[in-house]
Each structure stands twice: as C-alpha cells, then as structure tokens.
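Same chain, two partners: chain A is paired with chain B first, then with chain C.
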Partner chain A sequence: MFVEDSGRFREKVWLTWLGLAGLLAWGVHGLHLDIAYIGAKLPFLLGLKLAPDGFIQGAALTIFVSAASMLCASGVALVTAAGRLSSNPLAFALATFYASLFRGTPLLVQVLIIYLALPQIGIVLGALTSGLVALSLNYGAYLAETIRSGVMAVPAGQREAALALGLPRWVITWKVIAPQALRLIIPPAGALFVSMLKDSSLVSLMGLWELNFLAQSYARSSFRYMEMLLAAALIYWILSVGFEVVQFRLERRFGRGIAVVTDR
Partner chain B sequence: MRVLWVLLLVLLYLPPAVAGATLDRVRRTGIVTDVLITQYPPFGFIDAENQVAGFDVDVARAFAARLGVRLKIETPSWESIVSGRWQGRWDLCICSMTPTAERAQVLGFPVEYYASPTVLVVHKDETRIKSVADLSGKRVGVGMGSSFEKYLDHSLRIPGEPPLAFPFHDVIAVPGDETINLRNLALGPGVRLDAIVASLSTAKAATESMRSLKILEPVLYWEPSLVATEKGDAEWDRTVANTVAALKADGTLAQISRKWLGMDVTTDVR
Partner chain C sequence: MTALASDPSAPLVRISDLDKWHGGVQVLRRLSLDLALHERVVVCGPSGSGKSTLLRCVNGLELPQSGTVVVDGIELNRAAVERIRRRVGMVFQSFNLFPHMTVLDNCTLAPISVRKLRAPEAREIALDYLGRVRMVGHADKYPGQLSGGEQQRVAIARALCMSPKVMLFDEPTSALDPEMVKDVLDVIMGLAAAGMTLLCVTHEMAFARRVAHRVVFMDHGQIVEQGPPDRIFDAPESGRLRVFLSRRLQGSPVSR
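Let's look at the complex of A and B:
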C-alpha cells in the first residue's frame, strides 16, 4: 500500500494485463478449438437454464454451493475461533480437535466419508446437503484459524484501554476488537473463499450438475475435451475475479483510517 | 485414489440393508430411482437439449413404464455406485455394469440386459502390436476401476461366465479416465500409451471422432452388462429380472439397441 506519484500507474497495469491476456488468447487460439460447440453449451454451463429435474445447474449451482458453504463456514469458524481463544479446557479441546481433524485430512476424503460412510450409521444425507456439510466443515476449520490470528493481532493495549474505560465485554468484543481484527482477517479469508469456489467442484462426485460436472459430461459425450475444460476454467476465473473485487471493496471499507489506501 | 479403495473396503464390513426394503419403497412411493453414468456415450450422456439420453436411459424408461412407476434418474460418481451399500438412495443401476467377483460381494446382479465386445484400440501407425498377445510389457490404458483393469492383471472372473484366456504377461496397466487415455493414445504409438482396452461402442465413438486411432480385430471377449441392485432384497431382484425379461421378449430392448448402437446387442449372440 503506497501512494503512486506518477498518475500513469493504472494505465500501465491495464496495458500489461491486456498484453498478457492477448498472449493467452493467442496460445488458446493455436489449439484450434470448436468455438461453436462452446457457444452451444455456454447457456447450460453458465446455468442460464434449469437442469432437467428443475434445479439450478452449472455456474449458478457453483455459486449457490460456494455462497451457502461460505455462510455456514463463517458460522462454524466464529464458534471454533471463540473456543480456540477460550480459557475453558473443554471448549478449547473441542475447537482444536475439530480444526486439527478437518485441516489434517484431504477434502476429497471428507466429501466421500460424509456421502458414503455416514449412511452406514443411519444418517443418509442428500447430495447437496453432503456437499454443503463437507465444504462448510473443511473451510470452517481453516477460517477459524484465520479469525483467531486476526483477533490475536489486535494489540493488547486496545482491550486494556477499553477495560479501563469500563466498557462492557460485548462492546469491547464488537466495537473495539472486531473492527480491528476484521481488517486483518479479510485478505486471507478472501483467498480462502476463492479457493472454496474451485473446491466446490468436488460436489460433482455426488452427481450435482455444477459447472465441473457439466463440463466433464459434455466433454466426454462429444470428445471435445479441451473446449469444455477451457470454458469451465474461464468461467471459474471470471467468478474468482468477481469475488476479488468484492474482497477489495471490503478491505477498503475496513481499512479506513488506518492504512494509506490509494484509490486506483 | 488408494484412500478411496481403503474406504470402500471399510464399507464392506458394515451390516447390509434390510431385506425387502427396496421393493417396499418403490411400491410405496411409486418412484423408481435409477443411477446413470453421464460420461459414457452412447449408453449415457447429456444431449444437445441438456437432457440425459442414451441406451441406458431408454432402457430405464422402458423399465419404469413396464413396472408402472415414475422414473427418477440420479448421476453420482462411479465410485459411489460400485461401493454398494446404497442405504436406500438408489433402487437400481441400469448403467452398463459388468459383474466381477468383488462387485458381486456388495451388489446384486439380477439380470443381464446386453453384452458388448471388448476390443483393443491402437494408434493407426502402430506396427508392434498386431494382437492381444503382443501386449506383454506394453503400457495399456484402461478405465479406472473398470473390469478391463482386472482383465490386464489376469484377475477378471465374470460370475456365470466361462474363464477367460489371458495370452499376455507383465502388461503395464495405466488406469485413468477413458477420454484422457484415448487422447494420450492419439499422441502417437508409445508416446504415453501403446494401446487401450475398451468396450467396442466406446472405441467406435472414439475412432469416429479421433481419426488417428483404430480398432484391432478380433474381439477380446464378450462382456455382459447386468442391472445392478442393492444387495439383500430377493423380491426386488426377482421383479427386476422379470421386468427386463419381458422387455427382452417383446423386442423393446432390441429396438432401443438398434436406435443407439445400430445393432442388437441385447440378444445373446455368443
């Protein structure tokens, strides 16, 4: 974060991006793709039309799965971070055990265990529910650590000063600690969510017609593998860029009055 | 992928479903839930109108119509299906499955509905491989978890079929995605793969769109495809067998076969 003195910074960044995008497009052009086929499948990949069972599909389902999982993961992470920062041994043990278990095992294995193993003990979850539960629990564990580090990075003097002023506990938490911690939490949390967007493709294992599932199915039905892979990759990328913009705005909002944020 | 098989092994040792449960559920709800693989044209795929289509889909539709129930199709991954222990999620799988000794431990196979030849696919510039006997020491692509994988390591036993001949040794099986394998073979003979073992219909579709591949004669062996069910409901298995037998007897299956494959694979020609 620094103030740019020459006013040409933004133009130069755009020019470089444009050059790199041109190079990428030229490389892709060399693959001699069947653009008409991509065009025909695009409305389905994007989820502009409903799946045969009347449910959303494609990118729309990917966005839904990611957004819903992000919401649940945030809830799980808040509780876990609280347990992690708690002086109660039981709460601390529960939080650390959960975080360790879900950070220490592959997401693919978690998805399959929740979908295939839970039914054996009588819990038969639907495909969508299994996916949401797996993604929420996995990312909740990572996000909890992010939240914890953000809270711990707020200088102890802030809390002490608030206590000296006689502020009640919840005011200290929500009005003093949280706003300062959020500024530090948002960049790594944003990175986690971008990665969740792509990991949501694992729910295709359970037969949900999300972006990756459709791309793979179309690819194998038509033997146009490169076309569908690249189309899916491009859509994921565009979604990620959208998310980065949101993250940037949030960073700017919570960074007010602290860092020198240039208005690029 | 090894983790997956360990997981499947663990599931093997858990208790089976309640007998009679599947038929009761189908009667009670009036819906039969069938599993389809959408990445296996022309048996199962997603068509231009974004609907599930193919040989297996039409057979499932005819099956449900004959039984007088509504058809619901779900599309989970192959691994989820072959691990068995469906716990009531699905009622049957008209999904081109060939029984193996391992699959028969966790799934029921009440009835065969078609048989398809297994063939060898090579690059058209291939000179070293003239028959299956030349596969010794070569790198051969097969679908991950497929029966072809078992064929290459001499362990394929199809329940109810005579033992197969394996006229090759020390083949380096390369299990993976069938489409990716085909693309790898198309790079040239021996570049990444020397040959591929696949079903004739898959091979035909592939050689039509990838001109650099060719199918070797003769057929390696005939592979039966059976309807799979969750193990433990003998009554449901009988119902499935009778319904498919009726569809075979009145020519419905033969008609569906000619529509998708240009030939009848449902009448036993072996």
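Let's look at the complex of A and C:
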C-alpha cells in the first residue's frame, strides 16, 4: 500500500469512528438520562472511593481482579504450554488433561464449584481468592493453547540454525524462539485478556463489589437501570480500548524486523 | 580423544559406516567419507539421495542409527554435540537468519553466548566477516530488508564468526534468483582460496568443477562414485552418474 493511501485510509477510519460515536451519543441523549445521578455514582463505579469495608470496589476492583488473574493465568499457561510441547509423556498428559478439563467446562460452573462446593470438603476460599483461582485456571488453559501454537508456528529452520551455531538450549528458547513466538501470541492473547476483563464480572456472583455488581445494585435501588448499566458498559469499553492500545504497542515492539517485510 | 586430535595425519572429518533411517526409509546406507584439513568436497546427486542428511549428521542435527562421525578428534554423540557444533559452521538452503535481529546481532549472538566474547570484540569480528562477504554496509538492517543473496552472504558470515574448522553448505544457492547465485558462489570461492575446509551439497556443476578437490556422487544413500571433478564430470564410470549428468546438462547451460 502506498504511503499517501494509508494516510488517507487512517483519516477516513477516524472520521467514521467519530461519526458513529456522535450518532451513539445523540441516541443516548434522546433517552433523557438522569446525568446528575450518573455523576453522583460515578466515583463509586470507578472505584475512586473505597467500599464500606475498606476494600477497593468498582472499576478499580475489576482492574485488580483482571490484572492479577492475567498474571497468574500467564504463569499457569507457560507451564502448561511447556508440558504440551514436552516429549515427556507424564508432563504431556498432565498438561492436556488440565487444559481439556478447564476448557471443557463453563467458567461459571468452575467459579461456583470453587466458591460454593469446595467448602463442603473443607476447602474454604474467600470470594476474591475463588474468583482469582477460577479465572486463572480457566484462562490459563486457553492461553496455554495460544502459546503452544505460537511456538509451533516458528519455522523449524530457526531452531536448526540456532543448534548449528552451538547455542545452548536456554539461549535458543529465550533469544531465538520466544521473541518470534511472542509476535504470534500477542494478538490472540490480547483478545483473551479483553474477554477476561469482561468475564471478571462473574466474581460479582460471590458478592464482590466490582463494576457490574455496583451498577446493578445502584440501579435496583433507584430504578435507574439505563443510567447505571450504560455507565458500566462505557467504563468496560474504555478499559478494553486502553488494553488494546497496550496490545498494539507490544505488537509493534515484537514485530521488529518482520514488519519491514510487509512494507515492501 | 586428545590423542586423535593431535595426530596430524588423521582426517579433519571422518564419517564411518553411517546408517540412517527416516521412519521405514533408509536414507544413508553404510556410508563412509573422510575430509582432510583444507580439503573441499562437493556432494551431488539426485534429490532424495541422502546428501542433506549426510551433512546434517556431521554436526548432529540428525543422529545416525549406527556408524560414527569424528570431527577434529571428537566423536559425535549427545554429550559432545555442542563441542562439535562449535567447530562446524553450517549454511542452509533457506538461510535461516533470525528475522527479529539485525544482521549484526545475528552475527554476534553465538560468539557472545557460546564463545563468551565481550560485545565489542564480537562486534569487531562480525564486522570483519561481514566485510569479507561485502555486507558490512547492511549491518544494522533486518534480514527482511535484504535480498535472498544478501541474506545468504550474511548467513555465511554468521557461521564464520564462530571460527569453524569446517563449513557445511546445504544447497546454498538453490533458493536464490539466478542473478544472485554468483555473488554467493564468489563468497564461497573466497573461503576456498583462504584454505577453509568445505563440504558442499550443490547442483551448480560449473562451481563444483572450479572449487572442488573431490566430487562425491550419491544415490540411494550410498556413494556411487567419487574423484576429481574433471574425471567425474568428463569421464563418469557408472551408469547412474551418466544418467544424472545428462539430465543436469539438458536443464542448465552452466556446466562449463
């Protein structure tokens, strides 16, 4: 694509986005929402104020749950992907069994089993811990597959060239394979994390005061459902966009050397 | 091992009685080949004859089911494979440069992490070899910004940065556009002139004639015929080699 063209293309995309956002705002305006009520509840929804028990709430809690789960899920996924790529039958079986179990059952059921069913056999986890464990294990299983496919997609010649140079195993893994695999892993992993941001609303089932929970309870007490749910949706959306910006930067960072080929 | 290494009459590479199967297919059959220091051997033969597998057995990219490979007095096995690879450079048909690293980083990665050179020293050596393959002006580019011929020259420099005792070339020009073949072959000729020990699989017969001390013709995993290039190309003895050469000559005008 020519440079002039890509500049104009971007311009048109932005204009269309602005137009659509204007249209959406105009439509919402026509709903005659109680803006003052939204304004009053916004600090709570955003989590700028602590909950009565002194814990974070609203969007802040949503971000905390998502970020912590992403971190744990990434660790779980790395280990699982290593097992999945291993030639050791025990490691392979453990990894595939875990991934199958957690990909094959609904996240909601997993959350409830961990929070409501485990206490029956004496394992009592707090609401927050249960949510983190469920999200980490569930998303870890999906992310493991993403990591595995990224590693598999690096051409075999790369490993061979590295071996032929006499490079030790850890250098091959971290300096040759991982950077090339990351480029392929980041887009689908980013999509997974955006979806986790939204699935984190499941922890409201356990009475955690995250964004979705607060919006619903304010709505219920004031009958301002439209105001509260739209506000919550908008906040989720903004968080997702913020995350996508981070993802885009990472993609560019790991696309070094590869992107130049597509430019030609 | 050290006793072998100190014996000046021992060949630099000794391949003895290799048997290699891929699944149920036998790719190498009791194959033996010696390579003396400073010797240049070109391996040719029809595709599927086991040429590449032979090369890949020398640096342990593939391990044979039976037979031995000794390089510079070290016998190839799982424990010694990294020590052997430090002594053996390899250039692939598809270059296999690391696309996420600059040309310079491609050349300094192994010297820094394997030979434990300091970065400035590795850089100096890399620039020296990049100069010899006439790529020094491209040191800060990424492989994707280079033509195939340029990438292959960088790949040669990358291998040379490890100061190998022998260089393996696996069809180094087969993936190149015709106008780039000469540049790469010239670089290999330069190496030959500098006394590098070479084992090269190629279909470039004119090049083989100029560079090789010895041409080895392989078919079905065995060496059918070997000798000086003039005898192999002008007076082939076996029927299989004659058939191979006549097919080659029909297709390409490069034999002289």
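In this text, the second predicted complex is superposed on the first by the 253 of 264 C-alpha atoms of A that agree within 3 Å, B and C clash if a C-alpha of one lies under 4 Å from a C-alpha of the other, contacts with A are read in each partner's own complex, and residues count from 1 in each chain.
Note that contacts are C-beta pairs under 8 Å (C-beta built on N, C-alpha and C of every residue); 3 or more make two chains touch, one makes a residue touch a chain.
None of the values given here were measured: they were computed from a predicted structure.
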Overlaying the two complexes on chain A, which is it for chain B and chain C: clash or fit?
fit
Counting only touches as set out at the top, which of chain B and chain C does A:Gln120 meet: first, second, both, neither?
first
Once the structures are superposed on A, label A:Thr173 by its partner contacts, choosing first (chain B), second (chain C), both or neither.
neither
Please work out whether A:Gln158 is in contact with chain B alone, chain C alone, both, or neither, and reply first, second, both or neither.
second
Considering only the touch criterion stated at the top, classify A:Ser149 as touching first (chain B), second (chain C), both, or neither.
neither
Looking at A:Gln247, would you say it contacts chain B, chain C, both, or neither? Reply first, second, both or neither.
neither
When the two structures are overlaid on chain A, which partner does A:Pro106 contact: first (chain B), second (chain C), both, or neither?
first
Looking at A:Ala51, would you say it contacts chain B, chain C, both, or neither? Reply first, second, both or neither.
first
Of chain B and chain C, the chain that contacts the larger number of chain A residues:
B
Rounded to whole Å, what minimum CA distance do you find between chain B and chain C in the overlaid structures?
49
Chain C residues touching chain A in their complex are 59, 61, 82, 85-86, 88-90, 92, 94, 96-102, 109-110, 113-114, 142-145, 155, 158-159, 162
In the complex, chain A residues that touch chain C:
155, 157-158, 160-168, 171, 175-176, 179-180, 183, 254, 256-258, 260-261, 264
Contact set on chain B toward chain A in their complex
3-4, 7, 10-11, 14-15, 38-41, 45-48, 50-52, 74-77, 79-80, 83, 85-89, 178-180, 182-183, 205-206, 209-210
Residue set of chain A touching chain B in the complex reads 40, 44, 49, 51-52, 106, 108-109, 112-113, 115-117, 119-120, 124, 127, 204-207, 209, 213-214, 216-223, 225
